[in-house]
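Across the two complexes that follow, chain A remains constant while its partner is chain B and subsequently chain C.
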Partner chain A sequence: MNRYLMIDFTKCTGCGLCQMVCAINKTRQCDPSLARIKIWREETRGVFIPMTCQQCVEPSCASACLMNVITKDPLTGVTIRKLDNCIGCRACQMACPFEACTYDHLLEVVVNCDHCGGDPECVKICPTGALQYLHLKESLDCRRDAEALRRTAFYGEERSQG
Partner chain B sequence: MSKSRGYAGQILEVNLNKKDFGRNDLNQDFCKDYLGGIGFNARIIYDGVPAGIDALSEENILVFSVGTMVGATFPTASRTEVSAKSPMTGLFGTSNSGMFFGTQLKNAGFDSLVIKGRADKPVYLFIEDGELSYQDAANLWGKDSWETIDILKRKYPGCEVATIGPAGENLVRFACIENGYYDAWARTGLGAVMGSKNLKAVVVRGTQGIKPHNVEKLLDVSWKARELIQSSPFFAPFKSYGSMNAAIPYGKFKALNANNFSQGCLPDWKEDFARSKVEELTSGHVACQSCIIACAHWVEIKEGKYKGLRMKDMEVTPVTSFGSGCGMSLEASVKAAEMNQRYGMDMVSAGGVVAMAIELYNRGILKKEDIGYEVAFGDDDGILQLMGDIAHRRGLGDILAEGAWRAAQRYADGESSAMHVKGLEIPMIDPRGRTSTWSFGILTNIRGGDHLRCRNPIENLRYNENKHQFQKERFGFDRKMYEELDMPEAMKSEAIDWESDTTDVAIMSRWAEDLINLLNSLGVCIRPPVEHKIGPTILAEAYTAFTGIEITPVELMQSAERSWNLMKLFNLREGERPEDSKFPRRFYEQEVGGKKLDEDQLQEVLRKYYLARGWEATTGIPGEDKLRELGLSSN
Partner chain C sequence: MRNIVIVGNGAAGNSAAETVRRHNQQIPIVMVAREELPEYSACALPDYLSGWVNRKQLFIKNEEDYIQQNIQTLLGREVRKIDAEQHILVTSREEIEYDRLILATGSRAVIPPVPGCDLPGNFVVKTVGDIEAIMLHQPRQVVVVGSGNIGIEVAEALHLQGCQVTVVELMDHILPRIFDSQPAALISKMLTEHGIRVLTGEKVLAVVGDAQVQEVTTDQQVLKCDTVIWAAGVRQNVENARAAGVKIGELGGIQVDSRMQTSREGIYACGDCIESMDMLTGLPTLSLLWPNAKRQGQIAALNCLGQQVEYEGALSLVVEDIFGVTVVSMGMTSKALGSGDIEILKGHSHNQYWQVLLLNDRIVGMQAIGVTSGLGAVMALMKNRTTLSEFHHIIADPDLMLKATWYLPARQFLDNYLICRSGE
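On to the complex of A and B.
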């Protein structure tokens, strides 16, 4: 995998433009529920956490799929789907540890972020830089870890507050 | 409009008496004439509310209309207008709020929600994908708005909630409708109307999808609009400090509502409410749907009495309502905002009423035994207690819950302490300190003493020169700013005199009101960088791309003018008189910072404004020619 969609939730203001532009580009409709990117809205804490397909190297969605719909693109490392075979059972959605799969209720299939073929619209429209499309370098792992730690810290704090 | 684009295409009409509902298709002429948002509301209320009814009776109609551009990528288009006959003013009551309610309502299949009648016991409405169900609200009645939203959001994941708090249930006249936790349709007492209908909340959720007419053009025009907004000099300061930018200059001008409009500014205002203080208390920004500015602050109070309080706040209006109007500290004003949101009360009116009560107490008209405890400017304990009493109509709170104008009439010479226009409390601006398009707009505002329906799109806060009250304000920008302003050339040269570097208040007010009415119809925000750069030209392009309905910039402005005139006709039908367009007596009689208002000069500007609108010069009644031009003539 050579490029990665990096999320820094601390920069997100929750405007939802990423969802809107994603839904429009993929479905020609303005329905945020169809977007391949989601925002978990922790409204009462002023925190908005965008989440999209993490392009796992060994994706659990692929293991869960009964129809062998999900594969990895050998060139880009992006998780891709042969939707003709998808029966919409949503097993992949349940298997995803990031809750990053989207059920497309128009086509009745499950979809995931495909980086728009290498030029993600959400990254272009994000007004704060919370979404970035980065080249895979050594430092990227550190940045991914940093984001994971930010999230762990956020939810850890929430738990300790009950 | 079965093949509707951009619009959801239907109006949902609810009758709480019969517990039923109907769906009416929008037709294209209605869309073009009234656009959406406040335009739809103006027509629906003018046609549906019988003249002279009690605003809290079941005959009143409560309308939620989503702005046309909402729920897509057009920057800052997020806003929904709610209107009814106002229990505060008895005139057209209306309020505008953003966040995500509009997107959900449109995705649920409706551009407007029209609520009639009164339920026999508390209910809430659940609207999802073209369907509506009545739900029992017995377990929610009495809960504050934050608790209510917690419960409903848990029950319906991903929903948006409009709810009233205890103030709305208790028919406090300035109760608001909370739009999620931290936003509200606040002004003019719409929460009391909702409470009078036994309607606790409206829950919306939808996945029907809004289909743009031309996706590529919509995305294109959205980018263009974004670049325009970002090119405004007001963009960067607004992105950093939001509306708090106005706090310091208004203090400097002595144009604040300090201690119930008695002194223009508080002694340590500059230090206590400085930008550094805002930075200290805030940790991030929060946006509405599709907003590239994110002017709202996330506040966390880390020490002192209110330690641990976290919420979205630090908007100049509530901060000045409590901080300057009632003399509270910045931290205490955040606490007051929290309590008012939980109660579901309009923070401007609540601050105004409390400030009046403190002044009456200081004047000896109210006694400690009337209140039950002591109140003073800056005493947060007393003020917060009084706000609770108002929300629950306890003791003196029962009188104050009627609003400043009505409450003041119960006391000899009480009226002189009530700072209102047409029954609605005036927000932060004292026109004695700054006579401008913005402060003039308080007089001509369709909803009474309020500052949000008229603001010079190119107001210059560096200058405060007004040799002739309200006639002119300093323009003070360069030629490029003048040339790039999206305004028809003939009107621009009339409104702004480049040679003398001045803006004509009367002419600009007329333009600004129509422009804001247009933005409120289309659901686009009116924050300064947006109002400055987003004019009818780009909006016409956006409207056509989204809806497929061809419209010109001139037609757009005319549609906005049409609904403004219709609201004025509503007000006249409800008995608004020309002499009601008047500031509180204090502004003409007592000086602040060495200045007071001159009634004759002000009347002259009003006359000029009426003429600019095509209204009769002394009475402000829309003329027959104007009504015919707008297609509103009944003859």
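On to the complex of A and C.
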């Protein structure tokens, strides 16, 4: 797999633009429920978690699929679907722990994020940089830097208190 | 290794063949099967009957796919004998030497031996041929015997085709293997509201008719009909295996270990024909579900190739569409769990119902009507055997929660029920 859709929950404000642009781009409908990306909201604690297909290496949706329509693209590593054969039974939706399968009620099939073929619209519109589309190395760097920053901030705080 | 011979062209057999091919490009694979058709989805057969999918959509592979994957197919063959000593498989047309044999012979629908069960107008639902025979018969008044998921799906499909349908179930509620009585009653109500007659606790005694089916006699009444569809269970195709000295389990399936190896060296088995282990209880079970068959096929293939991979166990996941309402059952039912210390958490709103079964604080079953979000996460909790107290501990801690973000959908589902329970 060469590129990842990185999600930084801490930066998400829950504005929902990613959902809107995804729905419009994929289905021409202004209906966030059709978006391939979803934001799980917990307003009481101010936590917003954008969830989309994690492009698992061994996807549980693929093993649950009754029609064997879900496969991994050998080149990009993206989880792809042959939608012609999808009967919309939703078994994949129930098997995905990330709630990343979306039931497209217009086409009556279940779909997932396909990274817009390598140029995700949600990343382009995200105003806070919570969504990023990175190469593997960049994404690892990104995670390492974020973790380093978090730890230094944490220990710095402890030291100043102690 | 010289070759791998696979008997059966269903979910397990094809999954095994594809797994072998993914890991090894050279080794010859021979696939022997009874039906002269490429792989199709048995799960979509009721959808084919209802007209929701066409014949072409039913097929998962076509002939070229087998050639492309370099799988030699010998279709339209009956297996006559397995010689486990000499490693020879005898079919109706040839003898094949095998190095490793994978049995994925599946199961067949059974018709109980009642009088009149051989009259024209009696059908089962197991293959494309069965469905086409039903279509050709042009049913008008149908009695479906048995209300497992196939029975219910077929009843709905024929109802959509304009038939007058009656479902007869021997047990006291419909979908007895996958639902508890309360949700089953709600599903039954949904079916009744749409015009399907549901009779529970009734036993079919005979099928009556002169040249073809005209009536079904139960222990309580006489039902007029022109078609009887038997969805009253399946039996494992184990005859050849048994004759070869492969050990058969108590439930009637081929006994395998966690590596899908049978009691005879060099013979593996997977899919409907085996008795596998239940993921939650560890007890032997007949899983009979498509996803389990695919996984077992993978395990059998990997172990054939010499890798040591163990099966994590079968888990039931059934998703049904009952007149546009999604109905889901995962894991065990309270009946299957017996009378142990099960705690049932349940809730409902005007058109939704959900219940979660807990055993020792762990989720072991879930049944839902009309709910679709959050269930995948609940299933993951069930698979990971997470206790609810651990779950709540992680959810309550903001840092831990961001590490396990997928807990949030599960929490929203589980909390929903809590709101309802306190409101009851």
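Everything below uses one rule, namely that the second predicted complex is superposed on the first by the 139 of 162 C-alpha atoms of A that agree within 3 Å, B and C clash if a C-alpha of one lies under 4 Å from a C-alpha of the other, contacts with A are read in each partner's own complex, and residues count from 1 in each chain.
What we mean here is this: contacts are C-beta pairs under 8 Å (C-beta built on N, C-alpha and C of every residue); 3 or more make two chains touch, one makes a residue touch a chain.
Treat the numbers as computed from the prediction; the structure is a model and nothing was measured.
Aligning the two structures on chain A places chain B and chain C side by side, free of any clash. When the shared chain is aligned, chain C comes close enough to touch A:63, but chain B does not. When the shared chain is aligned, chain C comes close enough to touch A:9, but chain B does not. Of the two partner chains, chain C is the only one touched by A:40; chain B is not.
Shared-chain residue A:51: touches chain C; no touch with chain B.
Contacts of A:85 after superposition: chain C is touched, whereas chain B is not reached.
Contact with chain B, but none with chain C, is seen for A:29 once the two complexes are overlaid on the shared chain. Applying the stated contact rule after C-alpha superposition, one finds that A:152 touches neither chain B nor chain C. In the superposed model, A:96 makes contact with chain C only, not with chain B.
After superposing the two complexes on chain A, the shortest C-alpha to C-alpha distance between chain B and chain C comes to 5 Å. Shared contact residues on chain A (touching chain B in one structure, chain C in the other): 10, 45.
Taken together, the chain A residues at the contact with chain C in this complex read 9-10, 40, 42, 45, 47, 49, 51, 63-68, 84-85, 87-91, 93-99, 101, 103.
In the complex of the two chains, the chain B residues touching chain A come out as 71-73, 100, 103, 107, 158, 180-181, 207-212, 215, 218-219, 226, 283-292, 294, 298, 310-312.
Chain contact summary for the complex, chain A toward chain B: residues 10, 13-17, 20-21, 23-24, 27-34, 43-46, 48, 105-106, 125, 127-128. Listing the residues of chain C that touch chain A in their complex gives 41, 43-44, 47, 52-53, 57, 60, 290-291, 294-295, 317, 319, 321, 326, 328, 330, 372-377, 379-380, 398, 401-402, 405-406, 408-409, 412.
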